[in-house]
Each structure stands twice: as C-alpha cells, then as structure tokens.
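Pasting the structures in now, so scroll down.
Next, two complexes with chain A in common: one pairs it with chain B, the other with chain C.
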Partner chain A sequence: MIDVMLLVLFMIGLGGILVCVGVFLIPIGGAPAAMSTATGVATGCEMITMGAGVTGLFLAAAFYTKSLMFVIITAGVSSALMLAITMLFTNLIVIFGKGVPPAFATKERDPITGDPIKPYVTPGTVGHGVPTAPYLGGVLGSFLAGAGGALAFTAMYRFSSGATLAEFVGVLPQPAPQVAAMALSVITAVGLYLINANIAAYSIRGVIESWLDPKFSKLPRVIAACFSASILFGVLILLVSIGGVG
Partner chain B sequence: MGHVTKGAPKKPTINPKYLAIIGVAVGLPGVYLGKFSPLIPAALAVPALVWAADAIRRIAGYGLGTGVPSIGNLAIGMGVLTALVGLRYEPALGVALAALWGIMYGVIIGRLKILEIPVFTRCITELSVGASVGLMALLSAAAGGYTVDFFQGRLMPMIFLTGFVVAVFWATSMTIFHPFNACLGPGEKQTRTLKLAVGVAGIDVTLAGISALGVAGLNPSIMTLEAAVGIIFLGAAVWIGGYYAFIKAAIKESASVMWTGFPEAKK
Partner chain C sequence: MEFLTAAIVLGVFAFIVSLGAIIGWFEDLESDTGSQSNPNSQVQLAPQMGVRHRIYNKAISGEPISNGLWGATAGTVFTVLWYSFQVHPLIALAVASSFTTLVHISLAVSSHLGRTASVNIFKQPLYLDVVTSHLPLIASHGFIVSTALVALAYIFYNVFFSLEGLLGYPMPIPFLSFLLGIMAGAVGSSTGDIHYGAERQFQHFPFGEGVPSKNFGQITTKAEVGWRTSIDVTYFCAKYGGPMAGFCYALILLVDNLRLLIGNFTVILLSLITGLIILAALIGFNRYLEVWARKKFGPYA
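Moving on, here comes the complex of A and B:
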C-alpha cells in the first residue's frame, strides 16, 4: 500500500510541475492583451491553466482504462489543439478585426522566423497578438499542462478506484467506470490545479511572453514551490480517497 | 448624504479576530448540529463565508499581480480538499488540517520568494479555514446533515454522483471573492463589503437548497421536502436581506452629485 501511495504522490507532484512549466511557456496577456496592448492570449493565467488542465482531464476521464502513456500523450495533444485554436482566433481578431500585426518588444527579430518584429509594435504598448515564437511556445506549453493535468487526474482516479501498482502505468481492467471515484477525483484534481495555477500566476505577475520573457528565469524556484505544494495537498487527496469510495 | 474621502487609510470597523472567532465557533458546531435539521448548518455557514470574504479584502488590497478571483479560487481549492477530509473522518480534524496546511502553503510561498506580502501566511490560513468550514456546512446541509457514515452513505451517492457538488463548489468560490471584487476601489469600506458578502452567501445557501431539493427527490429518507424548501427560503431571505442592506449602505455612502449649471459659452 505504501508503494502505491508514494507513486500517487510522485505522480501528483510531477503533474503539478508539468502544469507550472506549461504556464510559463504559454503567452499569457491578461487584460492588456484584450486591449491589444500586450502580447498573448487575452485571458488570465489562472483561467488558461484551468482550461489546459481540464482539457487534459476530459481526455483522461474518457480514456480511463488505457495505459498511462497513451492517456498522457492524447491529453497533451488535445490541450495543445485547444490552445492552438484559441491563439489562431486571437490572431485572426487582432489582424483582421483590429488591424494591428502580431508583434512583441522584447527582441528585435522573431527567433524562429528571423523576421524583424519590433518595428511593428505600436508606441505605448509592449506588443499585440501572438507572433510565431510565442505561438510555438504556447503549443508546447499547453501540451505539457494538459499532460500534467491528465497525469494528476489518472493517479487520483486509479488510487480511489483501488488499482494495484502495475495497473497505474499499464491498462486498467475495469469494465465500467466507478462514477463516484471519478466525481471525487475530478473535484480534487480541480482543487489541485487551482492551487498550482496560483503559484504560477503570482510568480509571472499576470503577464508572460512565453520563453522569450525575462521572467522565465524564475522557473526553478517556481518548480520547487509547485512540487512541494502538490505533495502537501496530495497527502490530503490520499486521505480522502484511501480505501476506495462509493 | 456622506462623501467619500479618497486616500484615507482603510480602517476595519469590525476586528477580523471577532469575525474569525464567530466564523469557526458558529460554523463548526453547525456541521455537527446538522443531524437534528439540515437547516442549522445551512444557516450557520454564512458567518464563515463572510469571514473568508473579509480575509480576501485584507490580502487583495496589496495587488497580487492577478485578479481578485484567483485568490478566491485558491481558497476554494484548499478548502475543498480539507473539507472532504473533514467530512470523511471528523469535521474538527478538517478545520485543524485547513489551518495547518494553510500555514505550510504560506511558508512555501514565502520561503521560495514567489510572493512577498507580509500578511500572506495569515490571510491564506484564514481563507483556507473559512472556505473549509463554509463548504463542510453547505455540503452537509445539502446531503441531509452530518451523521455517522456520512461520506460513503450520503455525500458520495447524493452530492457527488449527481454533480450537485460542482454548483456548491463554484458558488462558494464566488461567495468568497465576489464581495471585494465588486466593491474594491478608493472608497471601499469594510461594513459595506461585508453586507454584500452576506447577500452573496445567501445565493450560495439557496443553491445548496436547490441541491437539497434534488436529494429530497432522490431519497426522501435522508432529506425531507420541507427541509429542502426551508433551506431555499432561508437562503432567499439572507440573499434579499443582504442585498437590501448593501444597496441602502451604498446609497448612503455614495458621493453626492451636485448640479453646477452649464459652463459659460466662450465669446
């Protein structure tokens, strides 16, 4: 039993780290981006974290019997797709609706395409839309966040439905889902995402331009905080779901 | 008509210590008294939620870098985990864990220099305990009162399987963050914000009552129809009373609008 509990705690902690690294890679603009005065997606850090995590959670809940690797990768891809579409429509609205080109002010040229990008920044703003480099960072970031969300949820569900150690990484032989265990795991997983999302949100202070931002150097400290907070609250999750529910 | 003094220090007229004592001393016995009638925890959840709203008021004044709702969601994330532990084993244990885990979370955030706000640990502990007590009271009220074998026998099949938990979860989150989010600004006053907090807590109790109505339809042996309707009426009364007091206070404390006449036309 102890080995299973330690594995669950480790999976929850790893999920927290993946969610946090994902947030650092996603270009988050917050309210300034909604007015096209900052680069990124026009919503807050916490909502994006929740969105990416919950998209991963949906996939993990749908494929609850499949092997862990399959669940994580599918959930990551679905989450990346979700954010890619969001950023595409952000760009469509910024370019064709507001008539401003995607640009950012931290670098002279786009590191991926090599095009000059700073001259297109409107004076008085720090950028607008989602240019190529933050776009790719965002796709990778939401892949990681979705995978982390799926990892944490899968660990919680398999623990509360009483899986053995081998069943955690392999196929879960369940003919029908245990709905009570799934409902409990969804609520505890959402609680955990909210706790991790806030650590990321406080450390980036609301706005980040993917991996080009100077705030990206804060990442090691934030990973340590997310891992310890996830383990801390993972203990409570173990206490709630130990021995199976319903 | 009063007028707003801009830049004056925000003096709390109600000491947060009293709110904390009332919140725990009323909310926690409310959870245990639920075996007599589910109306008791529904009514006694309100002080704990008002206390949590006051804690948000004190911490969000610092400017966290993200919106006020994020810290309300953090409170509910910590609160739901401790509340579930409390409802599974012993509600008093849930409150103790909420306080302990809140302190440890605050220490992690402070030591790793994620956010350097002097009152963070204290406020996050208060938020965690307030959200935990409020959720325990509301969830136990919606499931017919805390009794022996509450978690497996009542909470899981009646609240989690039906999905009512999501409504109570998010409504409680909104109860905690909405009052300060709506009232913030230079003329913010504690008494006015807390009147709104009472009103929004009424919405939360009403939603728990609607969940209780569903539980009464599913299993009349643990929840009578009268009690469920009683919770809805109680919540509606708190809702209307809180908003009435809030709007009266807002009208009384708002800046007066004076008619100064038309500006003289330039010649």
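Moving on, here comes the complex of A and C:
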C-alpha cells in the first residue's frame, strides 16, 4: 500500500512540474491581448491552462484501461490540439475582426521562421495575435500541461480503483469503469492545474511570450515551488481517497 | 459491426459537434452582453478616465470558472432529478437549467451593482433601465448554454455505457458538464472576446490597429443611434466573434471525438497518429494565415 501511495505522490509531483513548464511555454497575453495590445492568447494563465488541460482528461478517461504512457501522450496531444485550434481562431479574429497581422515586439525577427516581425507591431503596443514562434511554444506547452494533468488523473484513478503496482504503468484489466474513482481523479487533476497555474502566474505576472520572454529564465525556481505544492496537495488528496480504497 | 450501430454512432457524433457549436456561440454572446472576462477591465476603467457609459458591467469571475459553475450546478440538479427521482431527462434538463439561470441572474445582478457602486466615486451612475433591459438577454443566453452543457454531458455519459465505450466518456454527469463548461469558457474568453475587446469596444479608433495603452479606458459610448448599450455590442459580435467561438469549440469536440472513434474502430495507435497529423495541419494553416496577413496589411510606417 505504502509503495503504491509513494508512486502516486511522485506522479502528482511530476504532473505538477509538467503543468508548470507548460504554463511558461503557453503564450499568455491576458487582458491586454483581448485589446490587441499584447501578443498571446487573450485570457488568463489559469484559465487557458485549465481549458487546454481538461480537454486531455476526456480521452484519458475514455482510454482508462490502456497503458500509462499511451494515455499520457494521447491526452497531451488532445490538449495541444485544443490550444492549437484556439490560437488559430485567435489569429482569425485578430486578422479579420480587427485587421492587424500577428506580431510581437520582443525581437526584430521571428526566431523560427526568420521573418522580420517588429515592423508589423502597432506603435504603442507590444504585439498582437499569435505568430509562429509563440504558437509552436504554445503547442508544446499545452502538450506538457495536458500530459501532466493526465498523469495525475490516471495515477489517482488507478490508486482509487485498487490497482496493483504492476497495473499502474501497464494495461488495467478492468471490465467497467468506476465512476466514483473518476470523480475523485477529475478533482485531483483540476486541483493540480489550478495550484500550479496560479504559482506560475505569480512569477510571470500574468503575461508571457512563451520561450522568447526574459521571464522564462525564472523557470527552475518556480519548478521547485510547484513540485513542493503539488506534493503537499498530493498528500491531502491521498488522505481523502484512502477511505474509498478499502 | 451492424449498420444500425454505425449509423447511430455517426448521428450522435454529429449531434455532439452541433451542440458544441451552440455552447461556444451562446457562451461568447452571453459574456459580451455582460462585458465579462478581459474586456471588462476597460468597462471598469472607463469612468476613471472620465468616460461615462451605459454598458452592462458584470464580471462574476473568469469565464471558464463561471461557465464551469453553470455546468456543475445544472449537472448536479439534473443528476439528482434524473437519477434519484427518476424524472424524464428532458424535464430534468429544463428544471436544472431554469434553476441555474436563477443562480446566474442573481450573481449577474449583484456583480453589476457591486461594480457600479465601486466606480460611483468617479460619477458613474447606476442605470436601472440598463439592468432591467439586459437581464433577459443574459438569462436567455445563459439558459441555452447550461441546457446545451448538460445535454452534452448526458449524451457523453449515456452513450459510453450504451454503446460499450465507442463514444462518450465514463465520468459522472456533473463533472462532465463542469469540464465542458471550463473548456467553453476558455475558448470563448480567448477567441470571441477579442472581437468585442479590440474592435467593438474601441470602434471610434481606426480599424487595422491594435489598441495602444494610452487609449485604455476610452471606450466607445455612442451607438449607431443614441447611447451604446451592451445589447448593441451583442448585435455586432453575433456577426463574427460569437460564431467563431462556436466553430472553435465545435472543431475541438470534432477532433477529440474523431480521434476517439478512430481509436475504437481501428488500431488504438491510429488515434494518436491522427492527432499528430491534424496538429501539423493546424500549424501549417496558421503559418499560411500569418504570412498572408502580413503581406496583405503591410508594416506600420
């Protein structure tokens, strides 16, 4: 029992780290982006991380019997697809609804495509829309965030439904899903998103331009904070779930 | 597999996507009517910049959280009525959504009154006719969102157990509607709201420019005729921002359920490969759009 609990705790901590790195990679523009004053997705850090992350939970729940690695990667791709579609529609609205091209003012040229990008920024703003470099960062970030949430979700589900240590990483031989364990796992995953996205949001002060931003260098210290908070959260949620295991 | 089962699966799949479009569309228009989410910062700032307005100013919370609340409330009431009291799902759905609308309206009123009271020091009056004329619009849009959220959650839950996992997800209905609400809020907040925040809210500034920080708070207060209210905003955003948020949400559900179907009907690994191919196509299309827009609009002189 103790070895399984320690494994679950480690997985929740690892999930927290993945969510934290994901938040740093997603281009978040916050309220200024909704006025086309800043580059990125036009909503808050916790909001878009949670929105993208929970998309992955759906497939993680549907493929609950498959091997752990497959579930995590599939859920991560789901989250990446959600954010890729959202950022594409952000650009569609910025381009056709406001008449401005995607651009940012941090660098002269887009580091991935090499296109000159600064001349396309409206004077008085720091950018608008989601250009290619932050777009790719966002896809990777949402993949990591989705994978982190799915890791915590699957670990908690397998623990609550009484899986053995061998069944944790492999295929789960379960004929029908346990809906109550699903509920607890959803709470775990959503809690993990909120906690880690909030800690990351404080350190990026609400706005970040993916890996191009100077604030990205703060990542190692924030990872340590997120890991500690996730472990504490994991201990609490494990204590809650013990009642349902027996 | 029988032809009938395949036909039912495809029909349900189409219904899921169309419900998704309705959720995204109406969720965004509801937030535009109440100036919720990010554009709310400008409505709140306007009186401090000396701009008095007749815009409805409510920000119950971030959009994903408030829509998650509508989903969870309606889903819980629905589950209690349907599962415990054996009420017919359609009646349970109507009762649950009506109850949620009452919660929604009480929060919308208190949030508007509180926010207007906080800017009263900058001489922003509280217009009672704005409250009474906007509430039916907020309530009707909110009702449609919560009905569609719970209907979608019910379909996902029921289909999973009746079609042996071919489609749908094995989560409790309140949790499904909560997660679907969070997704809807995240999509509406980051796509449709830009049309309101960047374009409609600053319509007296030139089209084709981002809003510089110095113009913050200088929102458009005059409508085509008379003073602008949030009903004019909804009328405008229903032409582009709202439908685009709906399409976005529907596309997300389409891709996610398509991968689930492909995984269940063929080899499971194929769902992952399909996802990666669609991801590559999206990245390519975004790049094309970016290059097209820069070429079309040109740099700022």
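Please note the rule applied: the second predicted complex is superposed on the first by the 242 of 246 C-alpha atoms of A that agree within 3 Å, B and C clash if a C-alpha of one lies under 4 Å from a C-alpha of the other, contacts with A are read in each partner's own complex, and residues count from 1 in each chain.
Everything that follows uses one rule, which is that a contact is a pair of C-beta atoms (placed from the backbone, for glycine too) under 8 Å apart; a residue touches a chain by one contact, two chains touch by 3 or more.
A quick note: this is a predicted structure, and the numbers were derived from the prediction, not measured.
Touch criterion met: A:A229 reaches chain B, while chain C stays clear of it. Applying the stated contact rule after C-alpha superposition, one finds that A:I237 touches chain B and leaves chain C untouched.
In the superposed model, A:T125 lies in contact with chain C only, and not with chain B. When the two structures are aligned on the shared chain, A:V100 is found in touch with chain C, with no touch to chain B.
When the shared chain is aligned, chain B and chain C each come close enough to touch A:V179.
Touch criterion met: A:I48 reaches chain C, while chain B stays clear of it.
Once the two complexes are overlaid on the shared chain, A:R158 sits clear of chain B and of chain C alike. When the two complexes are overlaid, the chain among chain B and chain C that reaches more residues of chain A is C. In the superposition on chain A, the residues of chain A touched by chain B in one structure and by chain C in the other are 30, 44, 46, 179-180, 183, 190. On chain C, the positions that touch chain A within their shared complex are 37-39, 41-42, 62-65, 160, 165, 168-172, 175, 178-179, 182-183, 185-187, 189-199, 201-202, 207-216, 240-241, 244-245, 247-248, 251-252, 255-256, 259-260, 263, 268-269, 271-272, 275-276, 278-279, 282-283, 285-287, 289-291, 293-294, 296-297, 299-300. By the touch rule above, chain A contacts chain B in their complex via residues 30, 44-46, 179-180, 183-184, 187-188, 190-195, 197-199, 201-206, 221-222, 224-225, 228-229, 232-233, 236-237, 239-240, 245-246.
Note for the complex: chain A touches chain C at residues 30-37, 41-44, 46-48, 50-52, 54-55, 57-59, 61-64, 66, 70, 73-74, 77-78, 80-82, 84-103, 113, 115, 119-125, 127-132, 135-136, 139, 177, 179-180, 182-183, 186, 190. Listing the residues of chain B that touch chain A in their complex gives 64-67, 69-71, 73-74, 76-78, 80-82, 84-85, 88-89, 97, 101, 104-105, 108-109, 112-115, 151-152, 156-157, 160-161, 163, 165-166, 169.
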